[in-house]
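What follows is a group of structures, each given as structure tokens.
Consider the two complexes below, in which chain A is the common component and chain B and chain C are the respective partners.
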Partner chain A sequence: MIEFRKEFFADERDDNLNEIGKPTRRQDILGHVTGRSPFFDDHLFDGLLHIRCVRSPHHHARIRRIDTAEAQAMPGVVRVLTGRDVPRNLNTLLSLLDFGIDDEPLLADSKVAYKGEPVAAIIAETEAQARAAVTKVRVDWEVRPHVLDVEEAIRPGAPVVCEVYKTNKFIYHGKYDHQKMRYGDVEAAFARADHIVEGRYQMSPIEQAPIETCGAIAAPETNDRYVCYTSTQALFFSLGTAAKVLTTPSNRFHFIGGTVGGGFGGKVDSVHEPIAILGAMLTGRPCKFAWDREEEMQVGAPRGAERWYIKDGVARDGRILARKFTGYFDSGAYTRLSSYAIIKSVGHLPGPYTIPNVHADVYCVYTNRTPATAMRGFGITGVDFAIEAHMDKVAEAVAMNPIDLRILNAYRDGDMKAHRREAKNCALIECCQVVADKAGIALQAASRAASSLRDGGGERGRLPAHTALDQHGVVTGIDTGGYARKTGAQGRPARHIEMPGYTMPTAASAGRAPAQSPARPGAASTAASPSTATEPPRPAPADGGNRRQGAMRFSAISGLRRR
Partner chain B sequence: MGLHRGRGFAAINYPIGMNLGGDPSQALVHSNPDGKFTVALSSIDLGQGMKSVTRQIAAETLGVPVADVYVDTADSDTGPHCMGSFASRGTHRVGNAVIQAAQEARAVMLEAAAEELEVDAADLVTDGRGNIHVNGAPSRSITTMAACQAAQFKQGRTVSGRGIFLIPLSEVDPETGEMTPVSCFAHAALLVEVEVDDETGEVAVRDMQSAYELGRALNPKLVEQQLVGGAWMGMSHALWETTEPYYPDRSHGPVDFNHYLMPGPGDVAPHHISVLERPAPDGPFGGKGPGEMCANPVLPAVANAVYDAVGVRIDELPITPEKILRGIRANGGAKPRRRLAAGAA
Partner chain C sequence: MAKTPVVFVLNGSERAAFAAPGQNLLELLRRGVGDLSPKYGCGQGTCGACTVAIDGETHLACLTLAESVAGRRVDTAAGLASGGQLHPLQDAFMQTFAAQCGYCTPGMLISAKALLDRNPTPTREDVVEAISGNICRCTGYEPIIEAILVAARGRERA
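Coming up: the complex of A and B.
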């Protein structure tokens, strides 16, 4: 049952439009319900070959040798691919945005870092023949110790999962082994809080579970091009990745997709396309590479597990004075999208509430499991579970109705958010009120009278007078290459407030560090230092006025330019 | 011993579009000589209705009936660049690109009509039913088809337009996390009622009451399908799903839908949805994007409801019968809380 509560925010809308707001039937529904919509797997060319991968049975192992001779001689086998066949066998999706370092082979050739990691691919006349030949590839493994828990993985002496990040932690901005948020001073606020509420929360890994598993079909086209039908959620990410790892100009690929049997995030960073195209290039025939259900569930990247610790300082009347987060994203064996999800997550903290002191340290941790990727609510779902389960505990600690507690702390138009931008277009309070009303829950008078449009801003709209900064987790000895920015943020802060010990960077301060020698992230080591409230050294920007240019784009986030 | 009812609540907001911006999408719009329009994109329809919502946005902007527009998407030879369908960015980013492209095409169509009617294009309006007329003088009119034919065969004009939408990339301060993550947020609050069996540890979701604020609902039926399906997914995440049941141990990983648990039709609860529409200043006709956020409030609301029902806090998902029974045993029995009973203050 659904109702549209048009009385809310009515003066902000013009409801008299011709097509917008109408329950128009979907353009593609007749094709879908009659089973005629063409998906990638409906392009079964004559002579289509089938690709199946040989996968690691170990969590972590060195590859001494791969012997494909017996597999090559199996009935129907046309070709066996290994890492040596991939022109550029090292990739990370967001390198296309200059975010992150290539850290993952398409077909592993020196070591595997998770159970199920592909080491070879059989191309055969039928899928059954490809499956039969998979069992005949002989790999000489040297099994290594593995680590599966995020907090064990970051202890000294833990097995190194991903050779690019020797401490099993992603490096942010070339400077820290985690992403920080610092807003106000949580420790000072804890000291004057009436209640301290602490919690630990664990989000599970989850499969996107589309009905159509991930896959692609590629075929040679005339004029030395290749057509590729794909289930991708991001056509140009997939095309760009294929062009990169196959070292082929992008306009020699003709990608066709757009009608997909569910995605939920699991089809953003697929490498089915380049492997299918590589097969077509090397055999001269159409090739299909698609996961079966078992692969979709166990080697297809899931929503990553997240572990969150939250500590709140709360006043007797229910106002949350301070909130501190420590988060660990389980990235699995490679980076994929977890490093980026963490920045999204940190920008989301402390949830839809106005809390004057917020502190977060969030780590992207490598473990010997299937790499994690995007899924519905990417970077947000896990921490929202933690925040809202925690809010329930806070409500109990101060003996308040949980809905009254949310409304009391809810953000309103004009409030300052912890990422230092003004809140606008808020509607949390109204959502809470509607649900309470429907469920017959009597709220306090102040909660009933509250509005997102009123009582925000003012004192609540100011940046904290003092922010406690620290150098905890600083990475030394890392050489981040030419474009790392190690100083303050560029940005358009909503307000400029002078704070003792901290100067807001100006809009034009996004300076670049001078060019340095090539990246050597492996040289990283971390130095944990106790949190202090003093100002860290903040070198002046190298060139105060220059804007970013060219293809650097996201490089400033990772601090590690694509190599 | 027996069944215990409990209620749990959660409220969330959700950032719309790729974090930090820097995620452009383009659209191309053109008409054939009959005044029928094609929108060329490279966005992906995953079942969420990408083609349909962009079709309505194009028709609204062009001022033509929705039947006069079709969306052709995701052919890299004909469609312009798009970052893709993820991060709740489709409606917001692509929708804005379609508006820009459609506005440019509409302007040419009105210029063609103005030349045929011998009036100023600025005085023309569309009626959304296939006609263009002088504002205030409906009798001085021309069909959109006639205008497009004149453009093609008499005037030599291209009734076409290009659009792009790009939120410039925000940087991130390593010291403070200062950033501009996104430009608009959707909101939700949800109350779930569960029944917990203190002998088996099983949880049945009995009822959901929600309010979702998602900017303007561009197509109320597409919104409904997202919210109903998303809440189901949230409930499934809370109580059933995981690829690693003994995380961080990797054993017993499911490999098919017999072992990867999800709620079936008999497990689905009635869901009473209220939609609030506070238009996003930078959204297409104020739309935000309901796709991802609708699942999020369900997970914590279910955990809080289980606590309300039997007094057991499960802070590790999924909330399995095993965890509940262990918790009840540790507490020396079910301890109902009843903090959100109807009428309670």
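Coming up: the complex of A and C.
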């Protein structure tokens, strides 16, 4: 069923593949077809206890008091957990990478920020008993106004969703309330464009919906350790998170995973393992904490919804001269992985097209919705939906076939991308040609003749002579306490973020052309200089800014630095 | 509350377990007698991961009262192989790469076996209909359909 088109780029590879194109046997398939693959719930324990969570019925509320007395007295109930039982009841998933501020409790104790947020956990002999006791926990709620829309959430006066981000926006590097890309000058290009095409694109949150729901079973081992069978997709994330929130060295945990009944990104959030292990620690018995299908759908973190505004300046012949993005990621009530998704997203703009002027501001916004997390290509898929829908709209505006339009604007080898990397190994044109063939769509002669190997580079490979910059995006007064710490252990002064073309906005540097930092050439080009927009054309970085120097690391784009 | 003893034949062997009032067959099989091949996916009869055969007919174990199998024959994916030999369907699933995460596979196999038992020469449409109650989320329907057709063709030849 796989079709190999080896005629493309035939001289770019040795065609001596040993594995690709030949059938092979999965190492785990015998277990799958015999029903013996050991998923987390396929481990039997004597005396297994069951954990069910008490969840918020409100989008946003302060917790005045949690009364667990009646629940504790219910038949079969062994223990009731609340936030007070969690040794370190505040975490953010990416803190393991020293990225972001701890913002989310394991069990909420002072307020809830989304409907379904857990505030207590019942540990009982049977699942039915745990469910019955859940209804007996009395929570005295003080319901607060909530906000469910990303743009409403960032208006002044909106309810504060997450206490550590008072503006309802994630703060990057301790300073920036959005991710930014500046390349060329979109406003100048709009002024000379024949058409301006604008669009607003909104996607929904999407549940990963694995057939196996998320869960974990933890049990005391005989060597003062706890074994934890888990459905996690991210065994060491879960291990590290459990060690952190339970303030227990990770060598006391014996994590067993790797057999995952579908995940698609929805099994990285590491909320089951710490609760199951805490249950095992406090009861001395095996504990299972797993979601049922309803919880998987309601509180399982989805692919976050994104809202994109795109404005294109287009020439009469279909060439896109400028593209401007404003994006809002709906992170839900807490960060989880959304801030990281946006870094990916901005590195992907403006899509696989050579556009000489690009401008983007992308915000990670908190709302009183279920927190969002990973899902297949998150950070890319949502904006690609917006970009490709917009390409069709542009095609309509210039009365072109949408596939011709894509081929006309596609990256060709040697082109400069807006994030200042040279386009290599491009194949969009060839893909479009095959799609047109299969769909029976007639292409223009020029599209038919186009190739990713031709007509790229040259003028298209050069950085713009002038990139318009602005001062927006710098916020003050927030200390992440982590990777962008303003004063370190030795009382270091405010840290200068090392990015090419970026200078800290100090009085001394105001109005000057930005210094060229040699620290990480080409590594963090989404950041803009805070200098004014009327500066003279900026020279290219010393290395041309477009040659890869070593592997691209997450730390380089996130601003993470080893301390 | 009193539990009810349930005696039934599981994959050819007599088994006995106590069923709590209202307990479903899925729990009885998994926790009561230790057959872990039927899976919990939704508990609502929508995903098919817990599909088992009762007296040769497919049923969703999560919606079947445990007591109702007393004296009946229950077959699960764990009993498909016999005497160290895989069932032709299992061979075909391996051959055509018809499982990715493997969680829906036991249910798929039971639905497929029920089809081939009553219709040894199914059309593609018959196969699609037979597994229409089994959800696969790793996007594997094509290889699964192919596997069932391969198994049917292999049987025809045998």
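Criterion: the second predicted complex is superposed on the first by the 471 of 563 C-alpha atoms of A that agree within 3 Å, B and C clash if a C-alpha of one lies under 4 Å from a C-alpha of the other, contacts with A are read in each partner's own complex, and residues count from 1 in each chain.
We adopt the following convention: contacts are C-beta pairs under 8 Å (C-beta built on N, C-alpha and C of every residue); 3 or more make two chains touch, one makes a residue touch a chain.
None of these values were measured; they are calculated from a predicted model.
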{"item": "Which of chain B and chain C A:A188 touches, first, second, both or neither", "value": "neither"}
{"item": "Chain B versus chain C as contact partner of A:T213, first or second or both or neither", "value": "second"}
{"item": "Partner chain(s) touched by A:V268 [first = chain B, second = chain C, both, neither]", "value": "first"}
{"item": "Touched partner set for A:D41, first chain B, second chain C, both or neither", "value": "second"}
{"item": "A:G351 touches, of chain B and chain C: first, second, both or neither?", "value": "first"}
{"item": "Which superposed partner A:R293 touches (first chain B, second chain C, both, neither)", "value": "both"}
{"item": "Which partner, chain B or chain C, touches more chain A residues", "value": "B"}
{"item": "Contacts of A:L97 with chain B and chain C, given as first, second, both or neither", "value": "first"}
{"item": "Touched partner set for A:I343, first chain B, second chain C, both or neither", "value": "first"}
{"item": "Partner chain in contact with A:D28 - chain B first, chain C second, else both or neither", "value": "both"}
{"item": "Chain B/chain C common contact set on chain A", "value": "1, 23, 25-26, 28, 209, 259-264, 293"}
{"item": "In the complex with chain A, residue positions of chain C that touch it", "value": "20, 22, 30-31, 34, 36-44, 47, 49, 76-78, 80-81, 86, 89-90, 93-94, 97, 99, 101-106, 109, 135-138, 142"}
{"item": "Footprint of chain C on chain A - complex, ascending", "value": "1, 23, 25-26, 28-37, 39, 41-42, 44, 126, 128, 209-213, 259-264, 292-293"}
